[in-house]
Each structure stands twice: as structure tokens, then as C-alpha cells.
Amino acid sequence: MDSAVFACFAFYGSLLILKMYALAFITGQQRLRKKAFTNPEDAMRHGGLMYHRTDPDVERTRRAHRNDMENIYAFLFLGAVYSLTEPNLFIANVHFLVFFVARVVHSVAYMFAMKAPTRSLAYTIGQIPCVSIALQILVHAVAHW
Amino acid sequence: MDSAVFACFAFYGSLLILKMYALAFITGQQRLRKKAFTNPEDAMRHGGLMYHRTDPDVERTRRAHRNDMENIYAFLFLGAVYSLTEPNLFIANVHFLVFFVARVVHSVAYMFAMKAPTRSLAYTIGQIPCVSIALQILVHAVAHW
Amino acid sequence: MDSAVFACFAFYGSLLILKMYALAFITGQQRLRKKAFTNPEDAMRHGGLMYHRTDPDVERTRRAHRNDMENIYAFLFLGAVYSLTEPNLFIANVHFLVFFVARVVHSVAYMFAMKAPTRSLAYTIGQIPCVSIALQILVHAVAHW
């Protein structure tokens, strides 16, 4: 934590986790508002088994959340290891910031069903720093083996 | 690992991963017992393509597993970074223990389809230490930038 | 990163993340080629709402990707903590290599729908080093509490 790069990574990483928690919260609110429960026991508590059903808005939020798991969790590993390779603070910050902004735009584009290819573009831009970090780790790891 | 806080985190983290492996094992056993395979090649091996089908019990276990991915993986990042901020051992232990117990209760409530809101309550209680840790990391990161 | 064990772990971990990115890329290519989009806004951009549909190949790749999330993310936590327990380099390398090869075989077996139980066997073999690492962490953590 004494490392500025790691503090920077921990900052963006924690914000992205809170963003994911927000999607989980929205899913829960949508289930209650649209009365669409994936578990019979939840439907029973909220009016009956006819509410044991799917809803397009709930499914959309769940897709956004799954996409976050596919990408943000990978970033948390890559960013943590990258921080240990003593990268330049400015360059590391740019990597983290691009990913952070891209993922926030991705979530917003997903939730508001914005015109394609907004969401895909945000996804692709977010991948660039991740692949860059992965390659830098590989080079670094081979050198330290 | 010399840090008692990190040893404590590693202990609960590893147990939670083993808990997730248990859900994966249960999914596999349910697929064999209920003869419900998501891949045609698996159905072919176990009696024929009519067993290429879904099953409510299998889907329930998969939902429990996915919810673990949404929450336990986030905790593994948060807990690891938090351990590096030199928190008080007792307070850290309480954070980890509350999350651990809440997630075990969540899985049990899910698998036995316990009366709502048992499962949701366990989920919400497990979120409290996670959000607390995320906020503490943010404060710490800003101070060390 | 000065630790050879950690460099070794970071190497395999980054390759596995790149492998997961490859599955995400394949999913996207399959959606475009098979014209099967999960979001209406994507279907609209690629010909119309009739392409807002599912496709067995896309779903297969998504299952392979989800299985990776269930297993590779768990390994990233376990491997990182294990590296901090100062294990023997050769033994650690064997653990990481077995998992790495097993997961590559798992993905290949999944994508080509290879005859059962090829995929399940790869999955099971990959679990062995993970459970071994988890147990070693638990022993180590208890000793350092």
C-alpha cells in the first residue's frame, strides 16, 4: 500500500467492485418492482407463484453484471500483479483510468440499452489496457523466472 | 503471510473457495442423478439425447454458485487489499467472520429453498463488511496516493 | 515479483486470463457470424429484431467461459496466496502447470464438443492442484494465526 501505483489500483478496483454491487442492487430492485423472481420461495413471499418468472429488464442487468465478472475480476488480478512490477506511475494510472472509464460507460450503455455499438466499443476500449498489462506481466515474469 | 490479518483472511478465503467447489460438485452429482445435461455429448454418454435438458435442482445450485461468484470473488479482492492496510486484527477478523458466516448461511438457505427472506437476509448481512472494507480501502488509497 | 514462485504463478495466471479473453472474442465472432444477439439493440444494428435470438454455438462458448470463471478466478486467489507461503519452486510449478494444461484441455474439449468424459476429466484433473493448494493455505494460515 506504500506504493503509489498500488494505491491507485486499489482505488479504481474498489470503485469498480462498488459499481458491481450497484448492479446487484438494481437487479434486486427490478425483481421487486417488476415482480419477477427466479426462486419460487421469493415469488411466494411477494404475492404467489405466478411471479416466478423472468423479466427482460432483470435479465439485462444480469447480463451487465456477468460481463463485469468476465472483465473486472480479470482486471483485479492483472492490475494487482502489474502493480508489483514497479511500473511507471503515470503509465499505470493511464491503464487503470482507461479501464475504469470504459467499464462505467459499458454499464451505463448496457442499462440504458444505448444504440449499438456504444456498449461494444466501451468493452473493446476497456480490453486494451488489460491485454497490455497481461503482456507486460508475461515479459516481466519470464525475466524473473 | 507473516501478518496475522492476512493469515486470517487467507483462512476464510480458502474455506469459501472450497465451499464454492462443493457447489460445483453438487451440480455435477445432480446432473448425474437427475439425468439433466447441458451438453449433448454428456447426455449421449449417459443414456441419450433425451437427457439433454434442464432441471430445477441443477439450476438452483447454479444460481447459488453464480451468486457466490458475484460476492465471494469481490470479497477476495477487497479482503486481500484491506489486509495490506494494516487494520486492527480484531476488527478485521469480525469483518471476515461476518462475511464467511453470511455466505455459508446463504448457500444453505439457497440449497434447501428456505423460506424467504432467509437467503436475501444472509446476502445483505454479507454485503455490510464488504462495503465497509471497500470504503476503508478508498480512504486509505486516497491518503497514500 | 522477485520470488520465482510468484513469477511462475503470474506467468500461468496471465496466460489463463488471455485464454478467457479468447473465449470472449470467440463469443463475439459467433454472434456476428451466426447472427444471434442477446440484446435487441445489437440485433437492430445487424439486420433486425429477428436476430435477437440464441444460438447453440454461442451458448456453448458462454458455458466454457462461465466454467473458467468458476475455476480460473478461484485459482488466481489460491495461487497468489500460495506463492506467499514460500513453497518449494518445483512443487509449486507442478501445481500451476497441471492446472494450466488441464484448463487449456478443458476449453478445447468444450469448444470442439469432444466425446465425454474428456472435458469432465480435464476439469477434475485441474481441481486436484487447486484443492491441494487450498489445504496447504489452511494449514499455513492456522500456523501463522
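Labels A, B and C are assigned to the chains in the order they are written; within every chain, residues are numbered from 1.
By definition in this document, a residue touches a chain if its C-beta (ideal position, glycine included) is under 8 Å from a C-beta of that chain, and two chains touch if they have at least 3 such contacts.
Bear in mind that the values here come from a model prediction, so they are computed numbers and not experimental data.
Shown here, the protein chains touch in all possible pairs. Mostly differing positions are employed by subunit A and subunit B in their mutual contact, as under half of the interface residue numbers are shared between these two copies.
In terms of their C-alpha centroids, the spacing between subunit A and subunit B amounts to 17 Å.
In subunit B, the residues that touch at least two other chains are 69, 73, 80. On the side of subunit C, the complex with subunit A involves touching residues 1-2, 4, 6-8, 10-11, 13-15, 17-18, 20-21, 24, 28, 38-42, 44-46, 65, 69, 73, 76, 80. Taken together, the subunit B residues at the contact with subunit A in this complex read 60, 63, 69-71, 73-74, 77-78, 80-81, 84-86, 110, 113-117, 119-120, 127, 130-131, 134, 137-138, 140-142, 144-145.
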